[in-house]
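Two complexes, one shared chain (chain A), two partners (chain B, chain C).
For the complex of A and B:
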């Protein structure tokens, strides 16, 4: 869905945190904040809820354990019982390593895919870049405009809070397959004076 | 000094009470269990007396020593988060000399008393008949046992004291500048490096062989030392956490937050699984290999009178921690963490029980007043020792260079 966003870039964490606080207090809806590196406590400042990734990890893990134990016990007790080294047909200690490996495998792979899904990133998937400097040296705060948002007021509000680059963008908020639009420049080209 | 820890009357009462209970049990044991008799295993009660003392002294000595080890590993890893409660670890570490003294006393009694029922390799008649035991005599003999034990316990206590002293000196020195703190850190790290090598060579290898594995001298396992290490480490962290929570409740440790608690919980969670991993490694290889000389160790534990403990051990030390500590919310809850610390401590105490008893009292295990009274005495000694340290110093090492990192610690 194409929406309108007000994008403000900050150059310092110390400016960003009070700005996030003020923007939230003023009632604007922060779409996301893009930073060049993980910033401690930012998720807390943004009021994001805790991720459900680990709950999914637990479910994947339990699935792996069940598949391993269930599969092996069915094979070795019902489908094709074999006498291996005089051990019982249901040798639980011998099953544990395999159950453990399958638990780890399923939870790890499952969590990677879930992580990608939650963050809307997959191989071959494209997303709109609000500012190329977010991958370099700027903290980019993206505020979603609703019907009631006054863009001009918001821009000056951001400026008062220390944003150095402010612009308004209309962009697709989700992700899509294929190419970037031609008008979206991914990298800023600068003249290099020799 | 502001906010100096003052012992509440209740604490003193409990500490003294535990010590008195322990002492009374010991006296009653001396009277009724006849410890001087039956060095050849013909008197079960006599064997039981020394086995219980050995189990408890080794267990509590090794877990208080973990407090020093905790300081050492966090120092060497340049960890900052633990600084806010480092003094608690130092306080527990200050009990090592006392525990060490008690342990050496018990060992002297067992070795010099020639208790062949505890350590079969002390029995001259068994030695002459048994070829395998005879091969091990270069390692399993009274001289090696006593000399190694005394040197090792002395070194543990000495380096622990040295590290504590360095930490206490920083209190009086005032805020350190960059050069001083660097020098201070290097001093800390050199002693820590020495200790970690010592720890690897002792708890990581020979000490569990000497103290515990030689209770079943014909049997051996290469996993044994690490298994013992994991067992003591996780219960040592549990003991540390209990005292952290206690001092926090007493208005000390102002910079310890739920974030620190969560990390301690993570430690217990991770090392409970590590313990299970080593336990399982040892068990499965022996079970799968099915060689009589190896399976003999598990025969008495799985099919003998210790079968109940065998499964209880797994439930307390693996199932309970993994299920309860898995969620973030439980690791941040003071009540649940305290409860789990007690479960883990009890669980690993049971683990030591099933390490010691099958090799000593064999098919006649007891679990009554003597087994339960003696550990209370040791708990009392630990409570007394920690309290003695805590009343003398400030519980927050404000001048430690890592203090700020600990204050702003966030998981």
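For the complex of A and C:
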């Protein structure tokens, strides 16, 4: 969906945190803050809830354990009870290594898959980048405009709060399949009157 | 980690020089954007030449059979399994640095974890080749996987340590790869956003999965990294434990000991750190990264080497003592006659191992030597040679004289194709490493940026003022505003 955003870049976390607080207090809706590294506490400052990715990891892990123990037990006791040197058909201690490995494997693969799914990330995915400096040295605060937003006022508000670069962008907020070597724009361009 | 941007002056800075966020990006990414140097081409060519020789050696083994190797009646495992254990052990240091040191909140890991983890992945790839081609009929390799088949269905033996190994090594490889790559995504995005050429934009665009740096994504990224580290920590211990069980669960004198799991894990970390040292000492020099991989980093790794080296030495002596104390004739014979006896056919290997792994790392108790780059490099090579000897001693000296003395005449020495296979994995390893060092950020950019303001040299210098500050004032000015 195409939306209008006011983008302000900050160069210092020390300036960013009070700015986030002030912008939120003033009632503006922060679309996102793009940072070059994880800034601790920023998620709380933005009012984001804790991620439950680790819970998914636990669920995947338990699934792995169950598949391993269940599978090996079924194979050794029901499907094909093979006599291996007279050893028991249900040797639980001997199942532990494989059960552990499968727990870890499913948990890790599942979590990474979920992570990519939630973040809408995969090879070939393209998104609108508000500032190329967001992966280098700037903290880019993106504020979504509504009908009531006064852009000029908001820009000077950001400037007063320490933003270095401020601009207004119309952008697609979702993702699409695209290539970064092509200058693709899925958002509307200004019509030129002849 | 809190937002508190203060770290004691007593701690050595982890990033030297006057840096800011942009400078870090410049320093680490510009080698990727520059043309490859002649030195790089020469290195890559040598690696590829070795790789081709290795491929030919393996080709001979596959076409003419396992007889191309000098394995004998009693020595069924020779260089191949020695090399397997050696490579997989090397891999362990990468996971230790990236996972265990993450859980322990060791800041210095940020400078070395990316390269060390890449090393892990390449080492595990190399390790995997040996058991696969040792199968002989490698095209039947899929028999190891448990799946409903038309052979009965006949399932693999889940009681077997060798079967556990299949699961352990493949899980280890997958998890390491995922852990490494998810951490690499933000840094690849940095390369993408700086890219000038069409190819680079496309390549890093695809490789970075469309990473933006959104706060929510970072939050998930951190959660993912923490859980993966938590999973990888027991995993890495389990992998070498299971590798050691390949030996320990057998009834061969010299293998049948309960000390093997911890002893193998310590040895793995020991050899792995030595390999990380030798790779990074060259990498930091060639890519001019001395300010990120500092002498402090090298010293920290040397401390791990002296610790794990001492554990390994302790294990050697314990093993020897228990062989005697157990009163088991066969066990004691294997140690006394096949190893400790310097005039026995493989006595040289035992003493080579003892010297390289037990005696020489003790020199690292000296701080001066720990901080000497050239000496460290020399020691790292020595330790890797020693750890290769260790696996050779464990495998060959335990089985070249079996229970039947008429088989004893056989002296095992490798054929050219066995050696070629080993050299080939070196070729594979270094081909991968050269490509990685040229086209990927060797240092975790985002992680370095995250510690810059606590551990950067220029920021630490400013902390002198904070140290003089009244604690109440310090809290109000430096801590409270952040939250």
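Just so we're on the same page, the second predicted complex is superposed on the first by the 179 of 194 C-alpha atoms of A that agree within 3 Å, B and C clash if a C-alpha of one lies under 4 Å from a C-alpha of the other, contacts with A are read in each partner's own complex, and residues count from 1 in each chain.
Everything below uses one rule, namely that a contact is a pair of C-beta atoms (placed from the backbone, for glycine too) under 8 Å apart; a residue touches a chain by one contact, two chains touch by 3 or more.
Source: prediction; values computed, not measured.
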| item | value |
| --- | --- |
| First (chain B), second (chain C), both or neither touched by A:134 | second |
| First, second, both or neither for A:41, with chain B first and chain C second | both |
| First (chain B), second (chain C), both or neither touched by A:26 | neither |
| Which superposed partner A:179 touches (first chain B, second chain C, both, neither) | second |
| Which of chain B and chain C A:115 touches, first, second, both or neither | second |
| Which of chain B and chain C A:94 touches, first, second, both or neither | both |
| Between chain B and chain C, more extensive residue contact with chain A | C |
| Residues of chain A that lie at the interface with chain B and also at the interface with chain C | 40-41, 50, 54, 87, 94, 97 |
| Chain A - residues contacting chain B, complex | 40-41, 50, 54, 58, 85-87, 93-94, 96-97 |
| Contacting residues of chain A [partner chain C, same complex] | 13-14, 17-18, 32-46, 48, 50-51, 53-54, 57, 61, 71-72, 75-76, 79-80, 82, 84, 87, 91, 94-95, 97-98, 100-102, 104-105, 107-109, 111-112, 115-116, 118-127, 129, 132, 134-137, 140, 175, 179-181 |
| Residues of chain B that touch chain A when the two form their complex | 280, 283-284, 287-288, 290, 326, 328, 410 |
| Touching residues (chain side chain C, partner chain A) in the complex | 1-3, 20-22, 25, 146, 152-155, 157-159, 163-164, 167-168, 170-171, 174-175, 178-179, 182, 185-186, 189-190, 192-195, 198-199, 201-202, 204-207, 209-224, 226-228, 231-232, 234-235, 238, 242, 245, 445-447, 449-450, 453, 481-483 |
